[in-house]
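In the two complexes that follow, chain A is the common piece, with chain B as its partner first and chain C second.
Entry: the complex of A and B
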């Protein structure tokens, strides 16, 4: 049964890799800059999935911190990128 | 006997969750490739990728519980975090795209942009 789960996890990892390659095409070619931001967000979510599949393949629990860290950095990066695309600055002070 | 039966059912559950999650992840990225517009791409990316990552995380959670008897709360925390932050970031990217002047896609050229009308009236 464990061999079957290992095989399934390897196949899932290959499929997630293909998914990241498709998103990378959108990052490089994307017609506008918000398209690139969306594709980068989805690449980060796929990386979280790859870390979960690695935790299954290696039978370890030490990758769970990595999953949380990727999620938090992804949210901060996406919010910063959206604010930069909207106004041209990230931290805006309304005192001028 | 019961222990092996429970383990068998848990392993089947792990396989089902992994395959369902990977299907949703690959369908999200096919949607990002195929849809014509930034707003429809946001729709595909946010919903399907959130569902796919939830499936993979639940699969890993059940696998670690069966294999090591470890209840790993960080995986569940990751699911909750993605469920909270994916709509927020999608909303911010969509608003930024609208404010830098990207029109919604239309096949015949006359899509009604109600958000622009509301901004004009304000």
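Entry: the complex of A and C
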């Protein structure tokens, strides 16, 4: 049983890695910056998957924090990027 | 003796207070006490029964450095010269310097100089000797630059400083070598170990270094060039430092060490050779000068060369003659300088072309000058001391010993002729000096002031010196056995008995040499206008002053060029240099110590996803180098950061992964924040070679780090400490998260200061942003 889970986790990991490699192609190639931003976001999600798989492989719960953190950071980061790409600034100055 | 040496400096402390009354009483009267007291302290030591006296005072006992004063005949001669002429010069300066001058400074420098000279001649400890030696250089520098508003004074002071300190440092090197060979810092104990020194492999170096010190101080060829420029100093200084005392420090050094070195043939070749060259060149150049003090400066150089040459001969007679001439030169040259000062003072110029016919206006000065110059020229008159030493010099040059070096034998054969040749010019400039100033037509309309006889006070010192010239001239044996014989014995190492007399009968070659000098000298002096054109061609462009100026100029230019060549303001250049240095040094050390190690026994297996992640990171990293799209490069850099956190996860380091993620995100955000202000990335137009060198440097650095990492991994010298942390983290630290226990418990200090670093960074950023618009915040 354990053997099966391990094997599946490793296979999944390799698949996720390939996915990261392909996303890397998109980040590098572009052609536009929004493409790259989205690709980076997707890499982050792959990262979450990777962390989960590692947690299964290492039989630990400590990586669960990491997964949650990646989630929140990705959101913040992507919003920041999006704002930058749209407006050119991230933090607006107070208008009042 | 300690008190005698430091008396002048102690007095110097009070000079600034005493000089406040200078309008009422000239500060010099107080100063007069110091050299006079020292002179009176040492004068009772003259006598037939003389034994050297040693007195020791601790200074740095652990380094074997102390004020060990050694009074033998040699130091007695110098101490009496320094204190005696010091007294006369101080007396002279009272009338020479007006009270409107900065007298306090002058006398403080002069008193420092006196202490320094006493220390040089009395010290038995080489390092103390060196300390006093440098003190003479510094105080001489201050005195030459006394009128520091004059450009020439500053130039002369700097030149003398550079040359004498250069020599002083070489001498210091020689002393260190001597000390390490003999294991003692005492000169007398070194003399006892002469054989050890002579057989040492460093002997040549020691000889060269010490002679370099002596030659620079004593203005020997080719280091004589500072002395004529030092004539910008006030005349009492020139008379004291640059004729009688400081320039004889080098002579003293050679004399002091000649018991060690005189065994060596090279000592003879170098000292005599340079001495003779200096003698000829100095007297040859003196004829060319138009300034009274310029003539006297070159004359001093020439006479010092003569003394140096005699020390180099190393025979009994030559040493005695050298000692005799040290005394004689001090008397007549001191008086001549003072007379030159009087002429300058009373007529307003020292230019010999404007002077003439002053004998009737200044009869006393003229008489003194005649005695001084005729003694300097060595005219055979029975009441001039210069003649005796010159005749002894000729006599000594005729009886040089055979040497094992062929060149030295040639030199020994040539020296009598060279000595006569140099002495002819000595005669010429002496006559030129005295007749040009005091005889001939009066040119009163060209003089800035109306010349008249000097005040009595000014004349006292030169009169005393000239009386000394005549007394030694009339009764040369007065100073022989009581005084000079001890000095010569100290230099030669064995008793020297010499009876000096004026008349040797017709059968004496030195007399004929003297007559040849006088004959040829008279002819040349009378026809000076016909042959003085030679000075346009010789030295002409070969002048050593030009060499000095060129060297100083080139030093500045070359060092500026070297500095500018690498300090070009480009960070790229500095980074390249730093990295090249690191790479070269590291590879060098690896190569020398054979430090590279390769051990694969302890490696984990590599999995496919690790390879893929590493490959993705590598591709992303390489891409950031080549992209010119700002946002893209940041995003791709983000990939590298996320990849790294992924590796942390795979290697089960959750805390690191957490931190890495947060930091990576913040960094990306920060980059985006300041993008608005950053310049556009652009294609850099660099040459192929530049790109290639950058490539080589970066690849080299990367390779170096890789090799270091491999070697470090393959070399396990000690047990890991991490096991200890794993075992004890729960028991000692009370926590199961080992990383955090280490951070806050086992190694909490590191964490504390990293918090401080973050705090400082935050404050600095805040300051930079808030203060950037305020004026004056630059």
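Just so it is clear, the second predicted complex is superposed on the first by the 94 of 96 C-alpha atoms of A that agree within 3 Å, B and C clash if a C-alpha of one lies under 4 Å from a C-alpha of the other, contacts with A are read in each partner's own complex, and residues count from 1 in each chain.
Keep in mind that, in the parts below, a residue touches a chain if its C-beta (ideal position, glycine included) is under 8 Å from a C-beta of that chain, and two chains touch if they have at least 3 such contacts.
Values in this document were obtained by computation on a predicted structure and should not be read as measured data.
Once chain A of one complex is fitted onto chain A of the other, the partner contacts of A:28 are limited to chain C, with no touch recorded for chain B.
After overlaying the two complexes on the shared chain, residue contacts for A:82 are found with chain B alone; chain C is out of touch. In the superposed pair of complexes, A:18 makes contact with chain B and with chain C alike.
Contacts of A:49 after superposition: chain B is touched, whereas chain C is not reached.
Contacts of A:65 after superposition: both chain B and chain C are touched.
In the superposition on chain A, A:73 contacts chain C only, with no contact to chain B. Contact with both chain B and chain C is seen for A:37 once the two complexes are overlaid on the shared chain.
Chain A residues 16, 18, 20, 33, 37, 39, 65, 81, 85 lie at the interface with chain B in one structure and with chain C in the other.
Residues 1, 4-5, 8-9, 12, 15-16, 18-20, 22-23, 25-26, 32-35, 37-39, 41-42, 45-46, 48-49, 52-53, 55-56, 59, 61, 64-65, 67-68, 71-72, 74-75, 78-79, 81-83, 85-86 of chain A are the ones that touch chain B when the two sit in their complex. Every residue of chain C that touches chain A in the complex is listed here, in rising order: 607-609, 612-613, 615-616, 619-620, 623, 627, 629, 631-632, 635-636, 638-639, 642-643, 645-646, 649-650, 652, 654, 657-658, 661-662, 665, 668-669, 672-673, 675-676.
Against chain C, in their complex, chain A makes its touches with residues 10, 13-14, 16-18, 20-21, 24, 27-28, 30, 33, 36-37, 39-40, 43-44, 47, 50-51, 54, 58, 60, 62-63, 65-66, 69-70, 73, 76-77, 80-81, 84-85, 88-91.
Against chain A, the residues of chain B that register as touching in their complex are 7-8, 11, 14-15, 18-19, 21-22, 25-26, 28-30, 32-33, 38, 41-42, 45, 49-50, 52-53, 56-57, 59-60, 63-64, 67-68, 70, 72, 74-75, 77-78, 81-82, 85-86, 88-90, 92-97, 99-100, 102.
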